[in-house]
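Here's a structure for you.
Chain naming follows the written order as A, B and C, and within any one chain the residues start at number 1.
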Amino acid sequence: MNSDSVAMMNLHEKLHKQETTVCIFGTGDFGRSLGLRLLQSGYSVVYGSRDPKNSLLLPKGSKVMAHAAAACEASVIFVAVQREHYGFLTHLASDLEGKVLVDVSNNIKTGLYAESNAEYLSRLVPGATIVKAFNTISAWALQSGGLDANRQVLICGDQAEAKQQVVDIAQRLGFTALDKGSLRAAAGLEDLPLQLFPLWRLPFYIAIGLAAFIFFYVLTRDVIYERVTNGKDITFRIMVSLANKVFPIVSLVMLALCYLPGALAGFLQLYNGTKYRRFPDWLDRWMLCRKQLGLLALAFAFLHVLYTFVIPIRYYVRYRINVYTISLVKDNKTYEFDNVAAWRHDSYYSMGILGFGLFVLLGITSLPSVSNSLNWKEFSFVQSKLGYTTVLLCTAHAFLYGWDKFLKPYKWWMPPAYMLSLVVPCVVLILKLILITPCVDRKVTRIRQGWERQSKTSANCTDGKTNQPLMA
Amino acid sequence: MNSDSVAMMNLHEKLHKQETTVCIFGTGDFGRSLGLRLLQSGYSVVYGSRDPKNSLLLPKGSKVMAHAAAACEASVIFVAVQREHYGFLTHLASDLEGKVLVDVSNNIKTGLYAESNAEYLSRLVPGATIVKAFNTISAWALQSGGLDANRQVLICGDQAEAKQQVVDIAQRLGFTALDKGSLRAAAGLEDLPLQLFPLWRLPFYIAIGLAAFIFFYVLTRDVIYERVTNGKDITFRIMVSLANKVFPIVSLVMLALCYLPGALAGFLQLYNGTKYRRFPDWLDRWMLCRKQLGLLALAFAFLHVLYTFVIPIRYYVRYRINVYTISLVKDNKTYEFDNVAAWRHDSYYSMGILGFGLFVLLGITSLPSVSNSLNWKEFSFVQSKLGYTTVLLCTAHAFLYGWDKFLKPYKWWMPPAYMLSLVVPCVVLILKLILITPCVDRKVTRIRQGWERQSKTSANCTDGKTNQPLMA
Amino acid sequence: MNSDSVAMMNLHEKLHKQETTVCIFGTGDFGRSLGLRLLQSGYSVVYGSRDPKNSLLLPKGSKVMAHAAAACEASVIFVAVQREHYGFLTHLASDLEGKVLVDVSNNIKTGLYAESNAEYLSRLVPGATIVKAFNTISAWALQSGGLDANRQVLICGDQAEAKQQVVDIAQRLGFTALDKGSLRAAAGLEDLPLQLFPLWRLPFYIAIGLAAFIFFYVLTRDVIYERVTNGKDITFRIMVSLANKVFPIVSLVMLALCYLPGALAGFLQLYNGTKYRRFPDWLDRWMLCRKQLGLLALAFAFLHVLYTFVIPIRYYVRYRINVYTISLVKDNKTYEFDNVAAWRHDSYYSMGILGFGLFVLLGITSLPSVSNSLNWKEFSFVQSKLGYTTVLLCTAHAFLYGWDKFLKPYKWWMPPAYMLSLVVPCVVLILKLILITPCVDRKVTRIRQGWERQSKTSANCTDGKTNQPLMA
């Protein structure tokens, strides 16, 4: 080996040492947890602190130095300091020259600053390369070894090699890393830990709105009407009877709302003659929250089931049965058995139970760990075929519940509440019925496989040898 | 540094650039999603297209070129084109020489071609190295960042280095990679996305078959017998009463079928005197679908619970109670309280509830994310100890339900349906009882720890110092 | 290129070959499964065996040799042999010089040996580098491709490079690797597969103890008291009535116990004026098992729900209703409708149902795959806000159940059992109420953001520019 090789090896050794030493600025919860995890994974850890002598509770095996000294020890420096205190880094500019600074910070609220913390840091220390990472990982997840908590580290930054160094560290700590692009993505990453169920917001408001509307509708039609016309106070029914009208109606409507956008999208594709035109924004947003709509509908269905099973032990129900039996005895009458009623009631319960059973199955397959173990074909079979069967069963359940109630005179021109619940499901089922008729189905399938109706923009397809996109 | 080192560095730089540029042939859904993800992860992306000027909707930051030009830009080329259009690649043979072609294609149906797409591609472009990968990942999973969708990329190919390049890309995109061997495995990988619950098929047919048999048995014994002998039409009972006989019976039998193969395997190992002899094929297949058998049994048990709780609000049940009360009043009799009946009924419900509770627990621990967090000892404790307790409780539940019904005269020589449900569970419990008697248990444990009965084939064990296999 | 480079390349090639060949000592279950997986992932596999000619059932494509010969073929050797048989390795000391030995062994029981298997191996073969790994992975997980089983390989060892080689192998096999530090951690890793729900132990004993206490309390107060004072035998009530008193009480108390430590911790932080002082050990241990306490409470609540829904089909209940109706008829009285009772009963059921619904939601979000998909803010919103709402609803449910029962004369000076269940929940709710009053809340929030009360040890904070720790 000649001297060059030896020199290269020395260089390599030094680089290697630098690579396995990591510096952390900040000795708070996150800094300490990160240091502990790094030590466990075989890294050397050097803390940078304003007051190295008074830094307590640091993990065993780590060193503490003044910031400048600590910075020299490693090529990667984690800045585990709040944005408000970034100021001190400007004085270290020369020590940080050429280093990789990993910004792990989060803010307390969204919208506090116009610029992301990472971009602000990049402006403060222009000589260093900034990588945003680990801000979505909590101190607790670092401590618990990543088994139970989110194991994906999101990373962004402008320089690929710096990012790769951070990716290597993340993987060595037992995390997986996902590159989210340039440092401009940092603002997005910093918003992530501050979000509170962003995808659930719209479905939640829909559920609340629907529930409130149905509640007041039923309150007016049942309780207030009774009060006004007969002077009877039956407000106690709010707690169970009314709740058990509101919950199933909201559940059925939301279940249908969860399948409506898919059907609409099918018709839109038929109309456009291609699948390559964007859906309108409202439809896109609607389709993105279908899972949440469905799960909320399941929650309401679950409550409906519980409320139904509690019926026979209710004081009011026992009272009514008792009164009825005694009245029969007194009038010397007998309960006439009605075969149609027996069929109707039992069918009604059966539809409901089977529908709920399928609904629970849909819910289970939407658990992340279950849906991950399904391939695309299986997932769409469950969510589409079984989903429509669920809608069908639940709609039948509602129809059998109503039976001939729609013939009765309306109270205050208000139809029975169950009729409101049937509008959306019927629309969905009719649309689906049209979509699965053989001639329409063939067209939709061809469109979804990439076929486009003849038009100017797709003239390049006419030679029939263009690269057809894969269905995936 | 001498000139060689410089040359090597230049080469390295060029290689590095080639490594971070990825070419994609095909601008369909999958190609576009893949390109977007690659760009986000810091790769440069070049699309190869027949008609670069008319390729629309491609992700920002990517380039589009003619196929030949695009191929020169990168060492890894994703072929996101359907198999039927592979033809054009033969004209590019010289441009593809030495490149890594990643075949991501799937077919619409299984069995369309004798040869896998990847092997066909390998024949078409012999100068390139083919790697099959990413075909189990959907365009949607690529877009959604892999958090919610399957994150494992299956890879196969004949050359290790080419595979490593694809593994690196997969990991950089946030996926984990699993090497499935040589290109001959491609056919298997291409079948994966076309499978529809392969492991559930057998248990599902068993469930359907059993349910149909029990249904017709119960229909004959209850409804048709009543019709023929008493002329009474009680067909309305099909909807709830009969369903609530069929579901628990199917559930109990399938639960027992789920534990039977384990017990049989124990006896087979005892008989063979070793655990190193293969089980017969039917037993192997049976053991592989135990989880599915158990989960279907749980689904039936769940329906049974719902059908049971709905009993007291049924029209027919209320009618019967009413009629009975009135008849007592008229005959001036009182309901005689039977202490044994009270014990029996309450025990029967209690066994059922506790059994169902444990059953739900078994179901929860078989969720992928839960079973992953258990070690082997914990998993086998739950699935074996708690599993047999569940069988025991549910069998006791059925026995208490039946009580003295087996003494009543059979209708048309048909015993009550619940008796059918007890055969398999009793067999399982008796077999298990034998297996856990101390003397048998000791033998089985030794066999499972690797001990073999003296015989010719295991003569090499006689020196007592052979490497004993680990229990794991 | 000069000769050095050529030499380096040859060396590299040889190293590369050695790196891609893996040797396995031991041909048992684990050795075979590991070999198969290595082969699938592109490694060459050489088995070392005492009797290479009689080694059967080894995976196709692997070679079998005598130990010494096999050791020469690879730089990494898996020792898949039980500890008792490690002796033969001392004879191979020279062949193992400089090799990486991966100890994958487990013991049958904990505490069998003072020294971990890996450290023992390290003493036996001082010339080799020992890495402990893969012992938490079962043969079955190796075979099933890691999709369904635990995919994390825990690794420890004293030399970083040797560990890195094993990490590379683990990743290539589709596992993720987590470095657990030096070889001294091996004892801990070897205990892992022998643990049986260590975190569940304490909560389980608490549940059993509580359930036993409440059972005997209720047994004495209801059954024995009735027997002694009225001579009536109502032991049959044990099966359902008593169970349905024990389960809800245990559930409510355990739910409250799950939130009590958090409230106590808040007060302790207020008292200490900092969050940087350690909690006492008992509180730490209590806080670590909150999830398990909560899930056990949910299990009891689930059983309570089932026991409640079964009430109206119980023989005893039907008997009582029947007797009551007939007595009303005979005495020519009518059931007087009590509006307050109707309100109370229905509210009581409603609180219970909504509380249980929220409780199930809490349970679902504690599934690993669900909690992993939540950020810290969402997780703490669900577990804290919704958790306290659940406690509140369930406590209200218990209060409404009791209503005026606390006024009735005690039997044998024993208050009704439900009153016992209310003590802990009320304490929790009162503590929480204090903590969320604006003035206290402000202080707690500041402390949790890292603020410390002025004191000598934190004098270094006075300049206001110290690195404030991040909330994470």
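By our rule, contacts are C-beta pairs under 8 Å (C-beta built on N, C-alpha and C of every residue); 3 or more make two chains touch, one makes a residue touch a chain.
These figures come from a predicted structure and were not determined experimentally.
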item: Overall pattern in which the protein chains touch one another (line/ring/star/complete/other); value: complete
item: Self-contact between copies subunit A and subunit B, residue sets same or different by half; value: different
item: Size of the rotation, in steps of 5 degrees, that lays the CA trace of subunit A over subunit C; value: 120
item: Centre-to-centre distance between subunit B and subunit A (centres being mean Cα positions), rounded to whole Å; value: 24
item: Sites on subunit A at which at least two other chains make contact; value: 2, 147-148, 176, 309, 312, 325, 329, 367-370, 372-373
item: Subunit C partner contacts - residues on subunit B that touch it in the complex; value: 2, 4, 7-8, 147-148, 152, 160, 163, 167, 176-181, 276, 305, 308-309, 311-312, 321, 324-325, 328-329, 334-335, 337-339, 341-343, 345-347, 349-350, 353-354, 356-357, 360-361, 367-378, 381, 449-450, 457, 459-460, 465-472
item: Subunit A-facing residues of subunit B, complex; value: 1-2, 5, 20, 25-31, 33, 39-42, 49-51, 54, 56-57, 80-82, 84-85, 87-88, 104-106, 108, 136-140, 145-151, 172-174, 176, 192-197, 233, 236-237, 239-241, 243, 299, 302-303, 306-307, 309-310, 312-316, 318-319, 322-323, 325-326, 329, 367-370, 372-373
